[in-house]
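Next come two complexes built around chain A: one with chain B, the other with chain C.
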Partner chain A sequence: MTTINQNCYDSVTEAIRREAAKLLQEQTVAAVVGYVAGRRPGTASPAVAKSAEDAEKLVFSPACVNNLALFLSKAKKGIVPKGKTAIVAKGCDLRALAGLIGESQLNREDLVVIGVACAGVFSAAGERSLPLSDANIAAKCRECTIHTPEGVDVVAGTLPQLPDFDPVEAKELARLEAMTPQERWAFWKEHFSRCIRCMACRQICPFCYCEQCLCDRNRPQAVESSPRPAGNLAWHIVRAMHLAGRCAGCAECERSCPMDIPLNLLNRRMAQELKEQYQYEAGTTPQEKGPLNQYREDDDQSFIK
Partner chain B sequence: MTFAISQTNLRLLVDQLIQDGIFVVGPRRSGSMVLYEPLSKGEALTLDALPRRSAKELFFPVCEDILTYERVEGKMAVRDVDRAHYPETVLVGAPPCDAASPAILDSVFSWDYLDDFYLERRKKTTIIGMGCTRGDDACFCSAVGLAPDSVAGSDLFLTPLPGDEYACQVITEKGRSLTADYPGLFHEQSPVDPLPAPKQEMKQLNLERIKNWLDTHFDDPLWEKFADICAGCGACAFVCPACHCFDINDEGSSEKGTRRKHWDACGFGKFTNHASGHNPRDVQNKRYRNRIMHKFKYYNDKFGKTLCTGCGRCVRACPVGIDIAGILAEIDAK
Partner chain C sequence: MHSAEKKHDFEPKVVAFVCTWCTYAGADLAGTSRMQYPPNVRVLKFPCTGRIDPVFILRAFQKGADGVLVSGCHPGDCHYMAGNFHARRRFAAFRVLLGFVGVDLNRLQFSWVSAAEGGKWVEVVTELTERVRAMGPMREFKELEQEEQWSATLTTPELQQAYESI
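Entry: the complex of A and B
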């Protein structure tokens, strides 16, 4: 088993605390969105630090799984005080920030981005009492290409030597691709049958900030809101399609799903499609409109028969 | 002497119940998790993990039809669901945090309105509870007045003994009749010490003191601290053995359709949204406050019971790490 040196997380924590305290003391920002340790060992929660005293409580550890960009989206308005905000961002979270800036939800100049040198975080089912290793690291981290974020205001910590991990999610996607449509249908049907429509996938997603979600409409009802096969399938298709070309791959939907539905496989498959069809990758740089929300005269129309 | 059953015979009991036309539900491996699902044989019974969702769905399903309608020759024909067809059921292998919940929920489902869907299933179900030996750091049943060996809510209670044996305690008439129907599967043995119960990190909470604080702190800055970060999903409520809010939706067309009752959650932004557009719980921390108030004050005011069994599922499931046990401890310390 390959274990990651834990010291790097301490160095990130120290750097975050130092930077956050300075930003708050000098009143450069009104708040720092970061993480604090949870009551149980190996857990952490998002937190909004508003004073130098709060800043002392900020941490970074493999338990810091959340994509904090969520708290800057319209859906969470009100919990971060008005004014300039600093945010602790892992490489994967950074792409969501770029996406939200592109969609005019955030202004870059209103943000101080504290990027973290991130060796990885725990998977949802991973044993949290042990150091981060091959056995408990999140699938997304195994294939991460942005351990040290770029384009941020400050990078907290330094990265240790990281081992090569087995790309389990890429392999799972390939396994699904190799299935017959009937087999794939059976795979998703089984997963969606467990969906209880708790909407954690929607609520945790930085891009699900619609004030009126189509799936909550009941006059008239667009998608069955009861947790049954038809509505569940419709909801997950709506979700995947609405995020195509926008989803930045933080995989928070999958991590949050209490029923272990591998939602990031859908996101990733859509991202792959966008790349093949439009040479487009979401969230690398702020861009106002992705390929699926703009029209051009020279768009391919051969599919209209 | 101890009245006991071996694990082999417990599985045989499941087989025989099924043969006798009883619907048997118990923890069963389902994909990456364990869920309460109908068993087709005793072998499928999985006793080494807490099911991801609670056993409440046996009485209060995730979603159920409550009537169907169809326009026939210009007139709307409405058909009720025939509740007489609900099968005689045995729930087997529920740990105390799950076995205790139906007895708590009975109060609300038989209060000013008799919820026949719930009550009919409840009447027809026998609960075989099982002592818990596998807690983790999210468990806090002992802190809210239950225990890993609590028999509350069970009709028959099994205490794990060394050597894959269970001591059998008959708690109710339903439990007695179950053992009487299958006498050959049970035996008498000399008493032995049960397997040790898991240790819990949480100290016993003073639920009365917590309620006293809640009585006088509907408005308090602590709510913001506790739950500003709440993402507004229903994960906590949906995995909870005691949360019981539901919504009713007519699904179908103006010609033909079904009225369905399905789980709802106070964490949802639309939960208390009025038709006028006004929402008395306009921000997330007020929704979370309702979760705590309902469990530890309102339900107590109304029915003298606490709406939490300390199973820890919400603690494990919360995508932003809100920890109800930690919150209660903080209130208790006020």
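Entry: the complex of A and C
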């Protein structure tokens, strides 16, 4: 089993505290969005530091799983005080920030981004009392391409030597792709039938910031709202479709899912298609228009008669 | 004048989402030219293919359609300049998503039919209808519509009785 050295997280914590205290003392920012240690060992929760004393409590550990970009979206307004904000961001959070900037939800000038050299975080079901290793690292971190942050104001910590992880999610995606449509239908039916429609996947998504979700509307009702298999399938298709070309791949939907539905597979499949077709990839540089908001006259139309 | 109607075991329900400027006019032309095409198709008129939300297609399948046709202006002919270009990308993505979830994509047809192509409309509708007829009813969505998921199990006779009396 390959374990990741814990020391790198301590150096990140130190750097975040130093930077956050400085920014708050100088009153460059009104608040720093970061993580504090949870009450139980091996946990952490998002927090908004508003003073230099608060900044001393900020941490970074493998338990810092949340995508903090969420708290800057319109859907969560009021959590972070008005004014310039500093945010602690892992690689996946940086992509979400870039996405929100691209969609004109945020101004880069109003942000101070503290990029974290992130070696990985725990998976939802991973054992948290042990150090981060092959056994309890999140699936997204196994295939992470952005361990060292880019385009940030401050880089916190340095990256240790990382082992090569087995790309579990990519393998699962390939396995599904190789199935027949009937087998795939059975696979998704089994998963979607368990959905209890708690909407955690929507609430945790930085890109689900619509003031009224299509799926909450009745008259006309687009998607059945009770947790029955038919409506569940519709909801998950609609969710994947609305995130296509926007999703930053932080896999928060999958992590927050209480029924362990592999939602990131849907997101991954869409991202893969948009990359093949339109050479679009979610990255750390904001792009003004996503792949489904633009077109080329010579787009593929082989499927159209 | 009418050819003798053939009896089929299965008459598929085909829903066609069409744009008002091209395909609807094309279908109209087919009608005024007295061309024959299967009556299985239900035409729904939209301002533009860009207005056709993927949710509509999903909804059509859920409500019992066996096949869905989406048709609009040829690229470059859009009344609103670029509606069909945007729709093209959206449907390309949606098609992949449906395929990934396990829907047979032979039931979903996209086409460009202009106002002058009454013959092409007849051809597209006939081909889709016959293909869906050969495939049989769309079982997956209909079965799903009937299904219920119970998080609890009926462990006692009282619960079982209460459930049966619902």
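The rule we apply is simple: the second predicted complex is superposed on the first by the 292 of 305 C-alpha atoms of A that agree within 3 Å, B and C clash if a C-alpha of one lies under 4 Å from a C-alpha of the other, contacts with A are read in each partner's own complex, and residues count from 1 in each chain.
We take it that contacts are C-beta pairs under 8 Å (C-beta built on N, C-alpha and C of every residue); 3 or more make two chains touch, one makes a residue touch a chain.
Note that the structure is a prediction, hence the values are computed from the model and not measured.
Is the arrangement of chain B and chain C around the shared chain A a clash or a fit after superposition?
Aligned on chain A, chain B and chain C clash with each other.
After lining up the shared chain so the two structures overlap, which partner does A:Q301 touch, if you call chain B first and chain C second: first, second, both or neither?
Only chain C; A:Q301 stays clear of chain B.
Is A:Y278 contacted by the first partner chain B, the second partner chain C, both or neither?
second
In the superposed arrangement, does A:L233 touch chain B (first), chain C (second), both or neither?
Touch status of A:L233: second partner only.
Is A:A52 in contact with chain B, with chain C, with both, or with neither (first, second, both, neither)?
Neither partner.
Regarding the shared-chain residue A:G78, is it in contact with chain B (first), chain C (second), both, or neither?
first
Counting only touches as set out at the top, which of chain B and chain C does A:I146 meet: first, second, both, neither?
The answer is neither, since A:I146 touches no partner chain.
Please indicate which partner A:I196 is in contact with in the superposed arrangement: first for chain B, second for chain C, both, or neither.
both
Once the shared chain is lined up, is A:R269 touching chain B (first), chain C (second), both, or neither of them?
Touch partner of A:R269: chain C, not chain B.
Tell me which partner A:S225 touches in the superposition: chain B (first), chain C (second), both or neither.
In the superposed model, A:S225 contacts chain B only, not chain C.
Can you tell which stretch of chain B collides with chain C among 80-88, 188-196, 278-286 or 314-322?
The stretch that clashes with chain C is 80-88.
Under the contact definition given at the top, report the residues of chain A touching chain B in one complex and chain C in the other.
Residues common to the chain A contacts of chain C and of chain B are 194, 196, 227-228, listed in rising order.
If we count contacts the way the header does, which residues on chain C are in touch with chain A in the complex?
Interface residues on the chain C side: 53-55, 58-59, 62, 75-76, 82, 85-86, 88-105, 109-112, 124, 140-141, 144-145, 147-149, 151.
Considering the complex alone, what residue numbers of chain A touch chain B?
Touch residues, chain A against chain B: 38-41, 43-48, 66, 70-71, 75-76, 78-79, 125, 190-191, 194, 196-200, 202-204, 216, 218, 221, 224-228, 231, 252, 255-256, 258-260.
Within their complex, state which residues of chain B touch chain A.
Residues of chain B touching chain A: 30-33, 35, 52-53, 62-63, 137-138, 201, 228-229, 231-235, 237-239, 247, 249, 251, 260, 262-263, 265, 268, 270, 283-284, 315, 317, 319-323, 325-326.
Can you list the chain A residues touching chain C in their complex?
Contacts found on chain A: 176-177, 181-189, 193-194, 196, 214, 222-223, 227-230, 233-234, 237-238, 240-241, 244-245, 266, 269-270, 273-274, 277-278, 291-297, 299-301, 303-305.
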